[in-house]
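There are structures below to look over.
The following pair of complexes shares a single chain, chain A, combined with chain B in the former and chain C in the latter.
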Partner chain A sequence: MNEIIESVKNLSIGFNSQKGKQISILRNVSTNIKKGETVGIVGESGSGKSTLALAMMGYIKQGLFPLKGECLFKSDDLLKMSSRQLEKIRGRKIAMIPQNAGQALTPNLKIGYQIDEALRLHTDLNKTERDKKISELLNKVRLPSPETMAFRYPHELSGGQQQRVAVAMALAGKPDLLLLDEPTTGLDVTTQAHVLELLRFIAKDTGTSMIYVSHDLGAIAQVSDRIVVMYAGEIVLEGPARKILKEPIHPYTYGLLKSIPKLSLAGLPASMPGSQPQPGSINEGCSFYDRCNLATDNCKKNSPDLEHIKKLDTNVRCFNYKELINQNNNLQTSITKKSNNSEANEVLKLKDVSISYAKQKFFDQLLNKISDQNPTVKDINIDIKKGETIALVGESGSGKSTILKSIAGLLKTKDGQIKFENDRILSSDLKMRNPNDLRAIQLIFQNPDESLNPNHTVEQILSQPLKLYFNLSGEELKKNIIDLLKKVRLGEFYMSRYPRQLSGGEKQRVAVARAFAAKPDIILCDEVTSALDVSVQAAVLNLLQQLKEDLGTTYVFVSHDLAVVRAISDRVAVLYQGRLCEIGPSQNVYKFPSHPYTEVLLGAVLEPDPDIKPKLVAEDIVEEKPPEKGCSFQGRCPRKIGDICNSKVPPWQIGENGNAIRCHINIEELASLQQ
Partner chain B sequence: MENNLITEDIQKNKLEKAFEILKTMASKPSGLIGLTIVLFHVVLALISPYIAPYDYKAISPNTMLLAPSAEHWFGTDSLGRDVFTRTILGGRTALTVTFFGSLIALLWGGLLGIFCGLVGGKIDDVVMRVVDAFLSIPWILAMLLIVSLLGTSTEVLIPALGFFYGKGIVRVARAATHDVIAKDFIVSARARGHSNMSIIWNEIIPNVRDAILVEGAMRWSWMLLGFSSLSFLGFGVSPPTPDWGLMISNARGLMSFAYWSVIAPIVGLSSLIIGINLTADAFAKALGIDRSTKAPV
Partner chain C sequence: MLLLILKRIGLGLITLFIVSLITFVGVEVLPGDACTTYLEREAYGAALDACIKRLGLDVPAYERYLDWAANVVRGDFGYSLSGEMPINEVLGPRVKNSLVLASVSILIGIPLAIVLGIITALWRDKLPDIMISTITIFSMTIPEFISATLLILIVAIWLGWLPGIVIIPSDATFYELLSNIILPVVAISMIMTAHMARMVRSSVIQVMASDYVQMAILKGVPYWKMVFRHVLPNALLPAINVVALTIAWLLGGVVVTEVVFNYPGLGRLVIESISNRDLPVVQALAIILASIYVGINLIADLMTLMLNPRLKSLQIRK
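Let's look at the complex of A and B:
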């Protein structure tokens, strides 16, 4: 068990900048991987975690080169091997599972053939043995009907199934070490939990060592024995998973854990100031100095070494870690947020809204016939009160973004009405809306890289709504822009910058500022924090909450992340296949009894705590179309009672906590079932 | 990755940026050669009337088909005119006509392409089918028809060439627009209620400008070749105005014993076309557009 299979010694990797400076991305990294152990490498984007993981299989991205140090697999340095020698090791001794299996699998080859290819390369089995092995592998990764699966093409599989195939391919060569680069990041919550469960099982079953790279401490917590925390190209903390997650003794890890929204906490997570330094910008002192609240003058001048603490079996890179040792009970705290006034008027009403992506056929159009009887989104009734934050939650394909788009007027509704202020019907066509209604509803998008024009300066970006809605110009325009930047806590000097010169969090702040420039009544937030790092996410959530409290804006918040939703929202609506399942005040939706789908979702949430295991109650199959009759969740429901679920749309039932649930099971019965 | 390195050189005005692009273009040998050739031709076209040693239309039976000598550097042609004089003057019409022709092509092709890309739907379908239909007509036949109906003045040639070379730009501009149209910043501008014109001007043009400019530069060199072909066929510049295409056409029968009268205009024309091509490629690389991955339409 204690045999070391791969060890990295003083590894530095860097690149030459355009100005000829040598800039290192990894600095002096040393770590050991033991046999049978799963090591989680965690860090935010740009921390060097992927570079480290790839170097561990002897791969260095183009443009980068090793500056010093070595990567020893058993006793050979991978970085000095020829590509011929590496060929013998990759796949057979070290295998990799990529982030996006959909892109890693060849689209025009059958699954079985692709696994067979791996077997032919890495084993000496003959044809019949290989065929047997393929179905064995497909069985092992728990794919349904492995006999027929081998004859399918990758596009016929769901994302989770594709990822399982990738796992099977990696296992084909019986590797000693498995490398996983964010293997569950692109998957839905329930699928993610299932894949992680599978990986954990495989690690135990085969005794393979694993290196699990992720930004998600929740996923890391589920699989890792040991955790390595990276920051700005250095290892800042390394130790047993439980110790790192429960009693982090590095201020960065501590802050990171605090900034993760948790299901058990109602308020907003605390945010860390600032952002990670860019490679090459640290010349002296600790790389975490300017974000650290324990920093002293010593930290500014001298950079701390990785210190081994025998008692905790932990390595830490901090001068002042002792101050944190007794502080850790504070991890379970959050910032309480002001709740909205429940007496307020309704500002937006969705009444029987249906949205269909199907194009009306020519003849149906002539005969005025409704062609799509089974639209993507159906029967949505939500009343949104002024000043509240309502969240729409669901997995991909649940129709949450579709609803948001039609509120914004970007998608026409098929049926139903959207009513704005005093029951005035808003046209579902953007061109028919009056300018004041357009101003009143603003959008913030998921990815600020896409939502900000790369060829505009921040000043140009922010002046667009100000010019359009308020006809501002000259000094007044400039004053307003500076005010807006101040509101989102950015300095005046950001005005002349282009989006590419800003960090992810700063970009999203500019996007928030642009939405608020219109002085809107309602802001539609489409997964606004999903593209951000955890510590930045917390800061953006806090900013949104602060702005709402100051300006009384109403948010419609779309997210797949139940913990984030718990942190920010007052009311939650759970959607499955474009149909509402449950709606109610957020503290109640997170309590039982709840709709079986909410139960499944809640069970699959990964918490950064090794003691809280996800509860897998339903299959992670993906349905492409909503069922034509009956309950939308009939295909996956773990509590399905019979034919009634397939034939009749379930009635709304109001629980004692005030949340409405759409289920055929009596609500009291549901409560006792879920106890 | 080099984010902070970019932040160091944050604010640059447009002039500095243009200078920066020129510097990047000149940093590679091919770009430097291309720029030098184009610059040489432009300067020559500007100053040639003042430095030409002879009168370009002076016919003399005494100096017919003289070989190159100290007096006549490039020799003389069949009418006894100095080939050097006619060569350095011969690019002037071609350059002016094709330069303005390319501008017109860029303007209408670019704007129509962007518009079609943005609105999509039926309008897009109809316009693109019309463009396709025009693309299928051999341009030289159509040009001959126009020129024989309306004459060969520059007022006819410039818009006619501009029209025929703009068709291809429509496709490029439309494709470039499709690349940005799905981005959220366009959706965001739409949701705010900006007009189509405002979206084209503020959001799309800054993002497709580079691609269209590069395409325009390539079209310029093609148009030069096209214009010279017209002259060669006798439908471009009318004699006695010196023009490379015309000179090649007039002297091509004498190639076997008076090669000098053909070589000079050929070198003039091909060097300019190669120069513009090299410059356009370097320009594209300096802007970060890889032409090799995008087939010209």
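Let's look at the complex of A and C:
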């Protein structure tokens, strides 16, 4: 058990800047991987975690090169090996499971061939033995019908299935060490929980060591024995998983854990100020100095070494870690938010809304109608009150973004009405809406990299809505822009910056400011925090809440992350395959009884706590289309009661908590089942 | 899949029909008709009447179109005016000559382009890439009438290795042709190869940067195996359509090169028949060239469909 498989010693990796300076993105990293152990490497984007993981396979990305140190795999330095020698190790001794299997599988080769290739390279099996082995492996990763799976192409599989194929491919060479680079990022919550469960099983079953790289402390908590926390290219904390997650003694880890929204807590997570320093910008002192609330003058001048604390079996890079010992219970806190006024008027009503993506047939086009009996989104009835935050949750394909686009007028509805203020019907055609309605409903997109014009300065970006809706110019325009920037906590000097000169969080703030420039009544938020790091996510959530409390804006908040939704929303609507399953005040939806689908979703959420294991109650099958009749969740429901689920659309039942559930099972019975 | 092929063939036929209509109408609206152009100054009185009668120009236009179209479908393009011989006999050797020139250029140019493209991509920014890229960009930028003339000057006149212009009857045999077409082939290949090599290069570079290539490396796949198995099939797919367009361009007659080398191919026939106002031949050529473009693009699309599993299953699902 204590045999060391791979050890990294004083590794620094960097690149040459345009000014010819050497800039390191990995600084003096040392760590050991023991046999049979799973090590989680966690850090936010830009912390160097992927660079470290790839270096552990002897792979350095183009443009980077090792500055010093070594990566020893069983006493051989991988960084000094020829490509011939590396071919013998990669896939056979150390195998990789990539982040996005959909892009990491070669598109023109069948699944079976790609696994067979690994077998041919790394085993001595003959053709028939290999064929047997392929279906064994596909079976092991729990893919349906392994016999036919081998003859399919990567694109014919769902995201979760592709990830399983990547796992099977990595296992083909019977490696001693598995390297997992964000293997579940980008998968749906239920799929993610299933893949993690599989990985845990494989680690136990084969005794393989694993290195699990992720930004997601929830996933890391589920698989790791030991955790390495990286910040700005350095290891800042390293130790047993439980210790790190429950008693983090480095201020960065402490702040990170606090900024993760948790299912069990209402209210917003605390945010950490600032953002990670750019590579090469730290000259002296601790790299976390700017954002640390324990920092002293000593931290500014001297950089702390990684110190081993025997009692806790932990390495920590901090002068003041002692102040954090025994403060653990503080992790379970959150900022309470002002609840909205429940007496308020309804500002937006969705009545029987259906939306179809079906292509119009020739005759339908002539008659200008859509004749789709089974539309993507069907029978949506939601009334949204002024000043409320309503969240739409569901996995990919649940129609949540589709509904958002329809409200914004970007997508025509098939049936039903969208009513705005005093029951005035909004046209489903954007061109028919009057300018004031367009101003009143604003949209913030998921990815600010794509929603901000890269050739415009922040000033130009923000001046557009101000000019368009309010005809502002000159000094007045400038004053308004500065006000907006102040509202999203950005200084005046940001006006002349281009989006590429901003960090991810700053970009999203500009996008928020642009939405607020129109003085809207309703803001539609489409996964606005999912492209952001957790510490930045907490800051953006807090900002949105603050703005809402100050200005009385209404949010329609779309997200796949149930913990984030819990943190920000007043009311939650759960969607499956474009049909509403449950709707109610958020504190009640997160309590039982709930719709079986809500139960499945809640069970699959990964909490950054090794003691809370996800409950996997339903299979992670991907359904391409909603069922033609009956309950939308019939295909996956763990509580299905029989034919009635397939034939009749379930009725709405209102629970005593005030949440409405659409299920054939009596609501009290559901409550006792879920106890 | 079969339905798709039929659909594409149907669309191709419609395209050809439209092309035939446009050329026919175009010829109709030109001042004068075949007889006035043919007879020139004698175009009056009995001679003109006789000619009109002989060519059947006295019947209404739509009848003539239908008549002509029916013959074309049967493979008969009618009579050429200037030569007063069946157009099929005029066209036959020209088509053959163009085919020879095109296929030799294709056989040499396309493999060369692919190999050069791959070499430049795999040794990106190293010596082989810098050298080949400089040459390809150079030969891409020089217009073909200059490069062709320079070739004649150097190889034929200074060195005297090869004949400078092609002096052969239009019905020469294949072997007679072969020794004469070396210079035209070189001139054509220079431009064609350069364009395609650049395309292949950027396509290979793009695929080399993909996640699945990194994955193949980390899987322990040896370098050349990775190149042939994981990179090339994906990188060359988008090249198919470019190759098709190039082939169509070659078959359609490389006018400038044919004129410079005095090569009796389709391209020169186009020029000749237009300047002779030999309208039936122009019509016939328009139809033939259009069919070449339609046919080759159809083949290219079908090949892309066959080779790209992603598109294939997409079509089947529909």
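By definition in this document, the second predicted complex is superposed on the first by the 668 of 675 C-alpha atoms of A that agree within 3 Å, B and C clash if a C-alpha of one lies under 4 Å from a C-alpha of the other, contacts with A are read in each partner's own complex, and residues count from 1 in each chain.
Simple rule for what comes next: a residue touches a chain if its C-beta (ideal position, glycine included) is under 8 Å from a C-beta of that chain, and two chains touch if they have at least 3 such contacts.
Note that the coordinates shown come from a computational prediction; the quantities given were computed from them, not determined experimentally.
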In the three-chain superposition, say which chain, chain B or chain C, touches more residues of chain A.
B
Under the stated touch criterion, which partner chain does A:Ala118 make contact with: chain B (first), chain C (second), both, or neither?
second
In the superposed arrangement, does A:Arg90 touch chain B (first), chain C (second), both or neither?
second
Report for A:Pro240: first if it touches chain B alone, second if chain C alone, otherwise both or neither.
neither
Using the touch definition from the top, say if A:Pro638 reaches chain B (first), chain C (second), both or neither.
neither
May I ask you to decide whether A:Gln442 touches chain B, chain C, both, or neither, giving the answer as first, second, both or neither?
first
Interface with chain C, chain A side, in the complex: residues 54, 57, 59, 83, 86-92, 95-96, 98, 100, 103-109, 117-118, 121-122, 153, 155-156, 166, 169, 173
Flag every residue of chain B that touches chain A in the complex, lowest number first.
1-7, 10-11, 183-185, 187-194, 198, 202-203, 206-207
Where on chain A does chain B make contact in their complex?
15, 17-19, 25, 46, 278-281, 408-410, 430, 433, 435, 438-439, 441-443, 445-447, 450-456, 460, 464-465, 468-469, 496-497, 500-501, 503, 514, 518
Spell out the part of chain C that touches chain A in their complex, as residue ranges.
210-212, 214-223, 229-230, 233-234, 237, 307-310, 313
